[in-house]
Amino acid sequence: MSLIDERPVAATPAPAAMALVAPQIPAYAPLLAAVLATGLAALAGLLLGWSLVAVVLTAWALLVVGLPAWSAAIEGERRAKDRLVTTVVWSTFALAMVPLASLVWEVVANGHAVISAEFLTYDMRGVLGAGGGIYHALMGTLVITALATAISVPIGVLAAIYLIEYGKGNRLARTITFLVDVMTGIPSIVAGLFAFAVFTLIFGPGVRLGIGGAVALSVLMIPIVVRATEEMLKLVPEELREAAYALGVPKWRTIVKVVLPTALGGIVTGVTLAIARVAGETAPLLIIVGTTTTLNLNPFDGRMATLPVFIFSSVTTGGKYDAEQTARAWGAALVLVAIVMTLNLLARAVGRAFSPRTGR
Amino acid sequence: MATSIDISDLNIYYGDFLAVEGVDMTIRARSVTAFIGPSGCGKSTFLRSLNRMHEVIPGARVEGKVVVDGQSLYDPSIDPVAVRRQIGMVFQRPNPFPTMSIYDNVLAGNRLNAKRMKKSEADDIVERSLRGANLWTEVKDRLGKPGMGLSGGQQQRLCIARAIAVEPQVLLMDEPCSALDPISTAAIEDLIHELKSDYTIVIVTHNMQQAARVSDDTGFFNLKAAGQPGHLVEFNATSKVFSNPDDPSTEAYISGRFG
Amino acid sequence: MSTTTTARSAPTAVSRRGDAVFAGLATGAGLLIMLALAGVAIFLIIEGVPAISASGEQAYGKDNIVLYVWPLLFGTLLAAVIALLIATPLAIGVALVISHYAPRRVARPLGYLIDLLAAVPSVVYGLWGRAVLAPAILPAYAWLADHLGWLPFFDGPARTGRTILTAAIVLAVMALPIITAICREVFLQTPRIHEEAALALGATRWEMIRMTVFPYARSGVISAVMLGLGRALGETMAVAMVLSASGIITIDLISAENPSTIAANIALNFGNASGTKINVLIFSGLVLFVVSFAVNFLGRWIAARGQVKA
């Protein structure tokens, strides 16, 4: 403030005084307000015997009202609003983290105790109470997901190539783009019903087949692969294609040798994410693949167990061995989450390793 | 309503990297001061430190003093938001708000402080600012149209109108003509001449002829070597810098005999 | 001379054939997608149509198919809409934290964290909702029934945590990472020059966000919400595992009697269904397909319209 006083008064005309100094609450004010609010709420909670939830809610309410009020008194309305929004935005973040943190914690805490060599290498044949494992479900998930990938990736990548390199906005391409959009929104259970309807018409009623699950998952996976590939192909600079054409390289070789390699990292990332997404799908497999207690590696021969359906049926059958079944469900959930997370991290690593060295 | 700026021993960092080192200068009120120099020498960085816009980039910080109107900009009691209000800025690429009309673009800054403005008052500000930016006659019949519909030069003058609508003391311009064609550039240069009577103007330019045409004082920034911080080589009256510079490297740069 | 001509023309012929084959393959893949989608619709209709005449025992004791599907549709919409009411503001807040509030060093890992959470399989969310959230939230429902019981939503009695509100919360938690991820992307794409324009005019951070980020991101946020809604409508396992459903129509969110959702109902009953009951369930799936198609279509239409304006 003293700076204003030292200013040579004659240097500037009177009405043009610059107000650069604004009264501010100290930098530690938000922290102080948070501590005060928590303290007050905790005190009230202790005196009145509130639950922890009530204390947290009160502390939050005090902070959301108190800090902006303090700011409004000293810094003015605009700054107060800015601080209010900042507090609220960070609060939403904290609130959103509560269930997510709880989920991760519960999966790890309940799951790790179950995991053992037996759990990973035995199936559930003849097991009623404790014991048994998820080997059959693990293998079933691997087989069906691999099949779905084998169906989806060629179709998805080729369709994306058509959309970007050949179709270029003609009517067929626009229709396909629209249909891919529609497919993205297909509820997973509807994909299961579709596979069931198809296979029922072919093989008769009551059919349960692993390959049907792969078809259902493909319906969910193809649009993801198309989208990811499309995005990556769009990023390939037109100059690169023109450079190849100018050298007399035919179009298909340009695509195979120049465009696809440039986009490869992104496509692999997209495909890996798509695999991660369908590996955890439950509903379609429940409909068309069912589940079983023994190992079945043949997708053309009857029911197969998969991890997601294993979790679902363990929890929902209930009965005498509910505790053991729920424990196994947590164990399977931890394994499934670990698989999905590994795929996601892998996708990121691949994406980073292949990404062209540009900013952003 | 214009003020001088005193800069003493200013260092600007990005994280640990010293980008600009040891700048001392006094920017005179109601004059045009130009900064020239090769790319990457820190002249834009330095310009942004004059209204604390460099802070927008994470990790950027400043040591030293910038004194405006007797107040040190980097004093803890200073409110950066108030600083930017008093020291307006025009950017390299025209950046009118795309969702706003021409009218609303001009008033964007004013609306921040006065939520409820009288219609007549708002109309006055819009007309005065657009006239000040030599844009009024071109757009007065389509004030409700989006600002993005204008030509590049018109958009840049709209941005100048938006900056002067809040009646700042100083106008900082960061290569305002680099994205414009020669005719639009001439229009902006004319405008700078007219604005000089009311504002202290600081302009960064790549174009030495432009610096020679529009400015009263010129500062030449340079790098000692690649990877070294940028520094102010010479700061003198424009006529002197372009005819008889003190420093041989300045002469080398303006005569085109530069690296 | 003739040798050079053939040498030159031979690769041309090969490359032409290569071009034709490759173009054919690509077009074929595109057509296959069209066929697949047409197949989804056709097969569902073939297997769903017999349900239209179903009644009585074949329609799970309902007089006709409409009476059977309507309560399920109601439950589906109710759960999804509540989920979105919870998730949208939270997702926008979280996205803002990552895009504009958190220091950059923190923001990047937070973004990864949210992406990873989007990848958690729905069956795991279902397990968590059933085994962790439902028992934990029961006291809150009891409190709501005691203190806000005069509102029809909280009529109670609160005897179980496995209510439609719990299912909606689980759906919200599941939709949150998806909506957040899209919102974050559009927020981050706000042109820097516009943000700086606002800041240079003396805007606070919030004013800058309101002036530049929100107008720029509006259509993106709407399509994110619509995508989240589509996801919540079709989500099966979480609801099937969490909800203790009795198939009635009520807006009481915390009682033990809850409406079921189409997807959860199919999942729970398909294993035991036979004969026309299968057709009835497939018909309900067709209804779900149409509804989620409509929601997705609407979302895209709004997004496209917004883009034209901006």
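Which chain is which? They are A, B and C, in the order written, and residues in each are numbered from 1.
Simple rule for what comes next: a contact is a pair of C-beta atoms (placed from the backbone, for glycine too) under 8 Å apart; a residue touches a chain by one contact, two chains touch by 3 or more.
Given the structure is predicted, the values throughout are model-derived calculations rather than measurements.
Among the chains, the centre nearest to the mean of all shown protein C-alpha atoms is found for A. Among the remaining chains, B is positioned farthest from chain C, on the basis of C-alpha centroids. Centroids of chain A and chain C (each the mean of its C-alpha atoms) stand 12 Å apart.
Mean C-alpha position of chain B lies 48 Å from that of chain C. Averaged C-alpha coordinates give centres for chain A and chain B that are 44 Å from one another. Touching of two or more other chains is recorded for residues 204, 207 of chain C. Those residues of chain B in touch with two or more other chains are numbered 81-83, 112-113.
Residue positions of chain A touching 2 or more other chains: 78-79. In the complex of the two chains, the chain A residues touching chain C come out as 51, 53, 78-79, 81-82, 85-86, 88-93, 95-96, 99-100, 102-103, 106-107, 110, 154-159, 161-163, 165-167, 172-173, 175-176, 179-191, 193-194, 196-198, 200-201, 205-206, 219, 222, 226, 250-253, 255-256, 273, 276-277, 279-283, 286-287, 290, 308, 311-312, 315-316, 326, 329-330, 333, 336-337, 340-341, 343-344, 348. Interface residues of chain A facing chain B in the complex, by the touch rule stated above, are 1, 3-4, 6-8, 11-13, 15-22, 24, 78-79. Considering their complex, residues 15-16, 18-19, 21-23, 25-30, 32-34, 36-37, 39-40, 43-44, 46-47, 89-94, 96-97, 101, 112, 115-117, 119-128, 130-133, 139-140, 169, 173, 176-177, 180, 204-207, 209, 227, 230, 233-237, 240-241, 263, 266-268, 270-271, 274, 278, 281-282, 285-286, 288-289, 292-293, 295-297, 300 of chain C touch chain A. Against chain B, in their complex, chain C makes its touches with residues 103-104, 191, 193-204, 207, 211-212, 215-216, 310.
Chain B contributes residues 51, 53, 56, 58, 81-85, 88-89, 91, 93, 95-100, 108-109, 112-113, 159, 162-163, 166 to its touches with chain C in the complex.
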